[in-house]
Amino acid sequence: MSIDSKPVSELAALVGGRLIGKDSVTVSRVASLEAAAEGDIAYVEDGKFFDAARASQATCLIVPESMNLDAPCQIVVKNPKLAFALIAETLHPPKRRKPEIHSSAVLAKDAKLGRDVFIGAFVCVGEGSEVGDGTQVRAGAKIGDGVTVGNDCVIHPNVFIEDGVTIGNRVILHAGVVIGADGFGYVRGDMGYHKFPQIGTVIIEDDVELGANTTVDRGALGRTRIGRGTKLDNMVHVGHNCDIGERVVIAAQTGISGSVTIEDDCVIGGQVGFGDHIRVQSGAVIGSKAGVLPGKIVRPGVWWGIPIQPLDEYKRLNAHLRRVPHMRDELKELRARVKELEQELRKRNE
Amino acid sequence: MSIDSKPVSELAALVGGRLIGKDSVTVSRVASLEAAAEGDIAYVEDGKFFDAARASQATCLIVPESMNLDAPCQIVVKNPKLAFALIAETLHPPKRRKPEIHSSAVLAKDAKLGRDVFIGAFVCVGEGSEVGDGTQVRAGAKIGDGVTVGNDCVIHPNVFIEDGVTIGNRVILHAGVVIGADGFGYVRGDMGYHKFPQIGTVIIEDDVELGANTTVDRGALGRTRIGRGTKLDNMVHVGHNCDIGERVVIAAQTGISGSVTIEDDCVIGGQVGFGDHIRVQSGAVIGSKAGVLPGKIVRPGVWWGIPIQPLDEYKRLNAHLRRVPHMRDELKELRARVKELEQELRKRNE
Amino acid sequence: MSIDSKPVSELAALVGGRLIGKDSVTVSRVASLEAAAEGDIAYVEDGKFFDAARASQATCLIVPESMNLDAPCQIVVKNPKLAFALIAETLHPPKRRKPEIHSSAVLAKDAKLGRDVFIGAFVCVGEGSEVGDGTQVRAGAKIGDGVTVGNDCVIHPNVFIEDGVTIGNRVILHAGVVIGADGFGYVRGDMGYHKFPQIGTVIIEDDVELGANTTVDRGALGRTRIGRGTKLDNMVHVGHNCDIGERVVIAAQTGISGSVTIEDDCVIGGQVGFGDHIRVQSGAVIGSKAGVLPGKIVRPGVWWGIPIQPLDEYKRLNAHLRRVPHMRDELKELRARVKELEQELRKRNE
């Protein structure tokens, strides 16, 4: 048994699953059904993957309750994908850099670092800032003044956190993320544009993850918030004073203008655009590439299109629109027939 | 009177407003109507905010000329939002870092730094480059060779300015901005793509502000220009050889292909896409998520859609399209009626 | 003859062109027809530029075979733009920094650097990583652990390459590129989202160029691949497990969800969005701002719109849709005529 391998009995217990097969079998790696080899554990999402599951070389399979598979080692659970994710966390824990303060880092005298902190090369931590226990600040990340970063966060390389921002616990900021830059607000005067004050702040709550090169602007006067457990993909833009709720998921390259509220548990596709002062109600789902007009209230349900409409309506209307060429033909034919009728009647009148 | 507070009489004079109330009242902070407390100054944009203004705890209110508000301290002006922005600049001047050259910075021997310059940790300034008086180059920013940066600029962390670029005065580059990377130009040969030469440059004029992670590519042969007083939001892409005029505003995630000209005083929404060789004439307004086809000349007016059309036409056409399902019903009914007429006539003919 | 100038005979030979004029003429710079001056070489793409060619001050012109131009020095070739690109490579070779390991760089003890490598200031190279011969890693770039970078690459400032990534030869990564960050994959549990494992890797093959601030996520379980000779513009997002073929061109701000395959020689416009598990077949061309639905197979041809459809169909349908207002008028008129016919017949029946 390799130092990193685990008995399947332990993994089954971890995810509350029922083990079929020998307790003593061990696995050391997660893999896809196709790529799995000796010592790997894979998962079978549903019946569609039955054949792939039978062909898999995985040592152990995580299978749904309904599946009747003839394999020597199985962990039976309700949600195999979730169990797989939890088991992957155990077999492949995220890299934990050994606590260290790199000699090249520039730390303000009054910066407070927690226990077991990793501070990489060329990192800056500004005046009055705090970095919590177990947090890793990787090479080249820059933390401004008066910033609070919680415990067990991972701040990836070249991230920038501007003055006064607050970051919760277990937050992951991928490389190139910028938090707390000025929002985009100007007032036009006679000579051009004057900056509207951008003196608010940003609060990132616990368990948030932000993808590479994503930007979250500070509030103009108040704050911008990203709620607990919310996940943003790469290159998402969050404007000043937005309030993004808890457990919201936003795919890549979506842009959110100022003062937009997205309530808890919404799911937003990629490349969606939001005008300002929108409220997306809890549980709404907005499809990729949609556009939401300023001031709109988006009710729960599935939305689509530019500007957004309920997905059903969108599909219905689109089906109608695809019939327009046919309608033109019908219309033409009908006109000919009406003309004939008219001529016929005229003839009789003569 | 706190060290940072100002008498309202002074602020009224600053914005050319009429003071209602006591000269001696002082304020120290700008705030929104709702959040304002003792010592704050807020503004009332127009009549819609009358009730919020009455309920506000602000010590002083900036109000429009038309408003008849019963508050003890008011500054009456034509444009309250503009006055508020100007007063905010006075009460909350942008952070001015004390002049310093951080010991970790790597400066070329022949780099020229002006007076009162701030050079943060891990900054590079290349050969033959100049940084003007009062400019702040924050931690991790990289300035290539032969670059000129004017006076009183703020170059935020992790910005990169490539060789040969020219930056004017009072320019603000937010974190992660990249200026002067190669444009996207290739020529297909038998074996694949060859780089079209990208040996031009970039000129950023005075008072420009570029949002976080925005990129401005260098000209292929000539130059890319961003005109005086122009403001770009986060993650805007400006291709090679673009010529963006003065006082242009471009919202987040808009992408501009090569050789596009946007004349003075245009307003461009977010996530707009421009093909190459477009000319947008002075004063045009293009709505968010619009798409402009290559080679198009966009006249003044408000534009919308993919591909763009005048907003009025777009709305009109869309209203028609929403009637298509109804038209299908009408068409069906009409066909039935025509058929009946035909049968009726046939019957008579028999 | 300046130290950098070349005889036109040599340049003609380089591109396999026929020289008209004296062998001994030399040029030192490429330029556009309009900007060209004494000592410059310019190209004439086709007949549209005949007048510009006649007016050009260029010392030598690269012209297509069909063109009959009365100029003292010409290089006649099949593809003038390609010849121009090749000549530009000779006259303006990309900057080659003198081999150097900057004293501030942080290199792991077991990092292997090839011959003639340039390592700029504030660069990190992690444990077990390799940098090939002639590769330039510019200031502030961060290379993780177990990374392989090939020969003659240029890694521009502030790039980040995560652990375990493999980069081929002659690869150019522009500033702010992030390679190998976690893909965007979560499984919803009772309490919120759990990370789906993101433990795969990224392979970037030879001669790839990635634009500024582009991000390429690592595979969840397998790998993400960018094939040989492929070129991506600025701010392109490539999700986990994508397989992008050889000689693919992707314009700025396009977003590609997980597990998308784009086969060799495809051309993808800017701001295109791809759902997951799409396959784009070799030779397909997808217009800017298009949207491709998850799971779609995109056959060769030109595609357009949201969701995509063949460009011809899109244009045809759109032409029909623009007639809808007219159709409503026709429909109205037809109803009136049918009504009249009905009344007429009823009258007779009385």
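In order of appearance the chains are A, B and C, and numbering begins at 1 in each one.
As a working rule, a contact is a pair of C-beta atoms (placed from the backbone, for glycine too) under 8 Å apart; a residue touches a chain by one contact, two chains touch by 3 or more.
This structure is a prediction, so every number in the text was calculated from the model and none was measured.
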Same-residue or different-residue interface between subunit B and subunit C, half as cut-off: different
Rotational angle, Cα trace of subunit A fitted to subunit C, multiple of 5°: 120
Distance from the mean Cα position of subunit C to that of subunit B, given in whole angstrom: 26
Two or more partner chains touched - positions in subunit C: 104, 122, 140, 158, 176, 213, 235, 253, 271, 306, 321, 324, 327, 331, 334, 338, 341, 345
Residue ranges of subunit A touching subunit C (in the complex, touch as defined): 30-32, 35, 79, 81-82, 84-86, 88-89, 92, 95, 102, 104, 120-122, 138-140, 156-158, 172, 174-176, 207, 209, 211-213, 228-229, 231, 233-235, 246-247, 249, 251-253, 270-271, 288-289, 306, 321-322, 324-325, 327-328, 331, 334-335, 338, 341-342, 345
Footprint of subunit A on subunit C - complex, ascending: 104, 106, 122, 124, 140, 142, 158, 160, 162-163, 176, 178, 181-182, 184, 186-189, 191-197, 199, 213, 215, 217, 221-222, 235, 237, 239, 253, 255, 257, 271, 273, 275, 291, 306, 316-317, 320-321, 323-324, 327, 330-331, 334, 337-338, 341, 344-345
